[in-house]
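In this document, chain identifiers A, B, C and D correspond to the written order of the chains, with residue numbering beginning at 1 in each.
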Amino acid sequence: MKVIVDLCVVPIGVGVSVSKYVAECQKVLQEAGLEHQLHAYGTNIEGEWDAVFAAIKRCHQRVHAMGAPRITTSIKVGTRTDRDQTMQDKIDSVTNGNL
Amino acid sequence: MKVIVDLCVVPIGVGVSVSKYVAECQKVLQEAGLEHQLHAYGTNIEGEWDAVFAAIKRCHQRVHAMGAPRITTSIKVGTRTDRDQTMQDKIDSVTNGNL
Amino acid sequence: MKVIVDLCVVPIGVGVSVSKYVAECQKVLQEAGLEHQLHAYGTNIEGEWDAVFAAIKRCHQRVHAMGAPRITTSIKVGTRTDRDQTMQDKIDSVTNGNL
Amino acid sequence: MKVIVDLCVVPIGVGVSVSKYVAECQKVLQEAGLEHQLHAYGTNIEGEWDAVFAAIKRCHQRVHAMGAPRITTSIKVGTRTDRDQTMQDKIDSVTNGNL
């Protein structure tokens, strides 16, 4: 089952700057070979369900290992059975009037 | 790794009433033996990471099998390494002034 | 326009325990006279759009005033024009098989 | 109070394709003169609290007016008092190692 995911990992108890933890999660996604795109409030990810969620679990493990005692993460997950759709397709369908 | 999750599954393309799909997800959580509590905008779930996310995947599979061509799901995931905490503990810490 | 909202306010940069800030937000909702129900990963709120979002803004103001330098909040907002629905109706439609 | 928001509007009861509703929300943000950036699972918005939330309310009104009987929207809202930060700053802080 293919998924398009939006991921936002928030470490708690490490002070006000969280960007080094977010950068580490980018590394995890990179290592997993998953298509991903950072935006200003999260990261879009595309891939097979199990691969994507295994990577999200590794993000939590890695961020805890960096010293964050607590993490709250928001995930949006989209799946569809009617047709294949990439992250770029979703953007094109809105911007190109391909409705 | 223990997680507390908030899950909100939204089937798309099945009309305006989605409650039978949500009820099916409750059944999936029940069958998985996971502690869970329905509220007005989702379901709180408590358990081990792998068990909880396996159940969420089954929710998607089951809701697609019921005929929904598209699903968008919101998940919040909390993990912590500083101490054990249940769903009830979280509520108590706010309501009992156990801050 | 009536809304049912799920609100989760996360103060950042105040250490690992955030429950006193959540308790303050409960007070804000109480003072606003809004129907609300705390759960393990947020608070359900019911009311008119403007009243509910004015209260959410006050939550941010109050939590910053308590000393939190940064806040990240998740909100789910439901509106419908086909019929009136309360928070309890939503729960009943799932649990009572009133689908 | 300045906010950075992530907005994802999901019309329910209008079939499986929702992109024309999302395109209409882009128009609302454009008309409001708000800085915004579409991604594969939502739209980042930057502006003053009141202007941003007025625009989000108009999105709901406009999408209902287009015929959607039900809408469920996810919003993430970030505010901070320690310093000014733009959407681009947030991306740069992760990608440029400006941690």
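Definition applied: contacts are C-beta pairs under 8 Å (C-beta built on N, C-alpha and C of every residue); 3 or more make two chains touch, one makes a residue touch a chain.
Source: prediction; values computed, not measured.
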Item to check | From subunit B, the most remote chain by mean C-alpha position | outcome: D
Item to check | subunit D against subunit C, contact positions shared by both copies (same if over half, else different) | outcome: same
Checklist entry - If you average the Cα atoms of subunit A and of subunit C to get two centres, how far apart are those centres in Å? => result 25
Checklist entry - Rounded to the nearest whole Å, what is the centre-to-centre distance of subunit A and subunit B, using the mean of the C-alpha atoms as each centre? => result 19
Item to check | Multi-partner residues of subunit A (each touching 2 or more other chains) | outcome: 13, 16, 69-70, 72, 74, 76, 78, 80, 82
Item to check | Complex contacts: residues of subunit C adjacent to subunit D | outcome: 1, 13, 49-50, 53, 56-57, 60-61, 64, 69-82
Next on the checklist: With touch defined as at the start, can you tell me which subunit C residues reach subunit A in the complex?
Outcome noted: 10, 12-13, 15-16, 18, 69-70, 72, 74
Checklist entry - Contact residues on subunit D for subunit A in the complex? => result 4-6, 8, 16-17, 19-20, 22-23, 26, 37-42, 44, 46, 74, 76, 78, 80, 82, 87-88, 90-91, 93-95, 97-99
